[in-house]
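What follows is a set of structures for review.
One chain, chain A, appears in both complexes that follow, with chain B as partner in the first and chain C in the second.
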Partner chain A sequence: MELVRMILAVILITAGIIMEIIAVFGLFRLDYVLPRMHAAAIGDTGALGCVMLGLMIASGFNLFTLKLLLIWVFLWMGSSVTSHVLSRMIVTAEKEEMEEHTEVVDVEVDKL
Partner chain B sequence: MSRINENFDSSVWGKIDRFVNGTEPETKETANEEIVRSRGKASFVGIEDTENLEFHDELALRQKEEDEKAIAKLREAENRSTGRFYKLWNRAYNVLAVLAALVIMALLVATVSYMPRFGEADNPVNNEVAARYIEHGMQETGTVNVVTGMILNYRGFDTMGETHVLFIAATTVMILLFITKKSVLGKEYKQDRAFEPKNDAILQKVATFLVPVIAVFGIYVVLNGHLSPGGGFSGGAIMGAGLILYVSAFGFKKTEKFFNEHIYVVAKVSALCCYVCCLSYYFYMGANGFDNHIPLGTPGAIISSGLILFIDIFVGTEVACTMYAFYALFRRGEI
Partner chain C sequence: MYVILFLFWIIFNGNITVEIIAFGLVISAVILLFMCKFLDYSLKKELMLYRLAPQLIAYMFVLLWEVVKANVATAAIILNPKVKSEPKLFHFPSPLKTTLCRVILANSITLTPGTITVKLDDDGTFVIHCLDMDLAEGIEDSVFVRRLKKIEEIMEAGR
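For the complex of A and B:
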């Protein structure tokens, strides 16, 4: 049982690290803000979730797990809302520049 | 705010200014002014005026000449940058930069190999100072958390100076960025405001959940600075971050209901004064030689360990106010 738990944790943490590497690669490779945010989001959500889940499985059921869960929840809230606000800023502030770099599909955004 | 004298060019400072910036030839604007003056007209009326049409022609001519000059300069620079010497220099620079980086890396690694091993008992780090902090820290400062005792008691002067640095930094930013006249706020300022995300539903929902949690956590860190890791600086930073999140989600109008300029000034100045009073009392009476009716630090009891708790609260107020003031001043020029 202990061995299975450890193997599961190692697999999850490794997956998280691989995702983080992909995120960093995309961050350096892409050239505009919105694609870059898309790349960084992999690290913010997927990699963080995998690493936290792996650590929680490795530590077992105790107070430390609860703290890890809290870190997970707060970081997910913070990073996703930050990218939402940032992308909204870009859409309002530099629309022409955005259309140069990316394909823009018209959707009703006035209800945001 | 200093004004430029009328005979600024002939003054000493003007000479120094010209020396630093190079002998500045007449700029475009002054040249245009000269044309206006030579035609005996002080004010600029409009293009419809026939006289002004000529005036515009003259301006356009000058503009063209200047443009040609600039293009010639650019071409010259281009020639220089594609020259053989320039290319060689560029390549040599790259090689030299890599070499310098490698040498510095090798030096640093060599230095690390001379350092004593980590965690040995007879390292120079483990001297009598650290031993004294650990053995007598509780008796002398009253705090369970040795780090807080060290920062606020043994090194009290240092921390007091840091708090004053925060105060002076906030004051300086106020001097530089505080906008008192509404007429100064031009069109650009209004445009800048238009781009802000106002009443963002997602941000507001998240802020309603996060801000109370952040505030409670900040207060906990400040109040438990003498018992557990934490203290005034970290707790104040957390509280300031919560305030900033509240402002960016709900705007300044709602924030001003509980935190405006008046409250900011009162809180900041009184916190600094009380801090200095507490600390000078400490220095005057001696840390463990006075009777303050507050027991030595006991884990779990908030009111313990002397005046450290109150000093922590004052430092936390100072730091939170400074962080919020920086944000507000940089964003809109007011608190």
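For the complex of A and C:
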């Protein structure tokens, strides 16, 4: 039982690390800030989720597991708020550069 | 909210004894009172939250599943060397009326990789940036919107 749990935890943490590698690879492959943010979002959501789930399984069922769950929840809440603020900042502040890289479908960028 | 505050107290304490539970019950009640007095919260909203609890918990699992699916789709776009992604900025009107549900939807959209909410207007229009149009297809009628509509109906009925 202990062995099965550890194997499951190791598999999940490894999956998380692989996802983080994909996220970093995406950061270098994509060419502009907004697409790069999508790549970073993989690291923020998928990789973090996998690693936290792995750690929760490894620690077993106790109050420490609930603390890990809290870290997970707070990081997800913070990640979505910061990406929204950053994307809005870029869309409003770097209008010309943004329109070069993005296809704008009837959105009046001036009014944002 | 009272239950959430109490659970926080227990989790941060790290172990469960009679004293900790007794102190926790009192302190949670005091914080709830503070919220009602200064933070625009009320007992009516508290009762509404308990009525919505099953729906909200179900929503969390739906969100988790959607995040997993979006992760796989975005990773596929990044790893495929042939695909040249076409980032797009577009808007869509949402049928949601309450600010609570709109904010939940905006955060869910931002949390799923591949789509970011750039702006949420007062009239419920979302401005979305997406990495590729495939990731944002059918966003006007996604699982999130359908679930949140149901939550709004329950809120409407309980008023």
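Quick notes on this one:
In this text, the second predicted complex is superposed on the first by the 105 of 112 C-alpha atoms of A that agree within 3 Å, B and C clash if a C-alpha of one lies under 4 Å from a C-alpha of the other, contacts with A are read in each partner's own complex, and residues count from 1 in each chain.
Simple rule for what comes next: a residue touches a chain if its C-beta (ideal position, glycine included) is under 8 Å from a C-beta of that chain, and two chains touch if they have at least 3 such contacts.
Because the structure is a prediction, the values reported are computed rather than measured.
In this overlay on chain A, chain B fits alongside chain C without clashing. In the superposed model, A:38 makes contact with chain C only, not with chain B.
In the superposed model, A:58 lies in contact with neither chain B nor chain C.
Set against each other, chain B and chain C differ in how many residues of chain A they touch, and the higher count belongs to C. Across the overlaid complexes, the C-alpha centre of chain A sees chain B and chain C at an angle of 100°, to the nearest 10. Look at A:85: by the touch rule set out above, it reaches chain B but stays clear of chain C. Of the two partner chains, chain C is the only one touched by A:101; chain B is not. Of the two partner chains placed around the shared chain by superposition, neither chain B nor chain C is touched by A:24. In the superposed model, A:93 makes contact with chain B only, not with chain C.
No C-alpha atom of chain B lies closer than 5 Å to one of chain C in the superposed arrangement. Residues common to the contacts of chain A with chain B and with chain C across the two structures: 77, 81, 84, 88, 112. Across the complex, chain A is touched by residues 195, 197, 200-203, 206, 209-210, 248 of chain B.
Across the interface of their complex, chain A is touched by residues 7, 10-12, 14-16, 64, 67-68, 71, 74-75, 78-79, 85-91, 106-107, 110-119, 127, 129, 131 of chain C. Those residues of chain A that touch chain B in the complex are listed here as 74, 77-78, 81, 84-85, 88-89, 92-93, 112. Across the complex, chain A meets chain C through its residues 19, 22, 25-26, 29-30, 32, 34-35, 37-39, 41-42, 45-46, 49, 63-64, 66-67, 70, 76-77, 79-81, 83-84, 87-88, 91, 98, 101-107, 109, 112.
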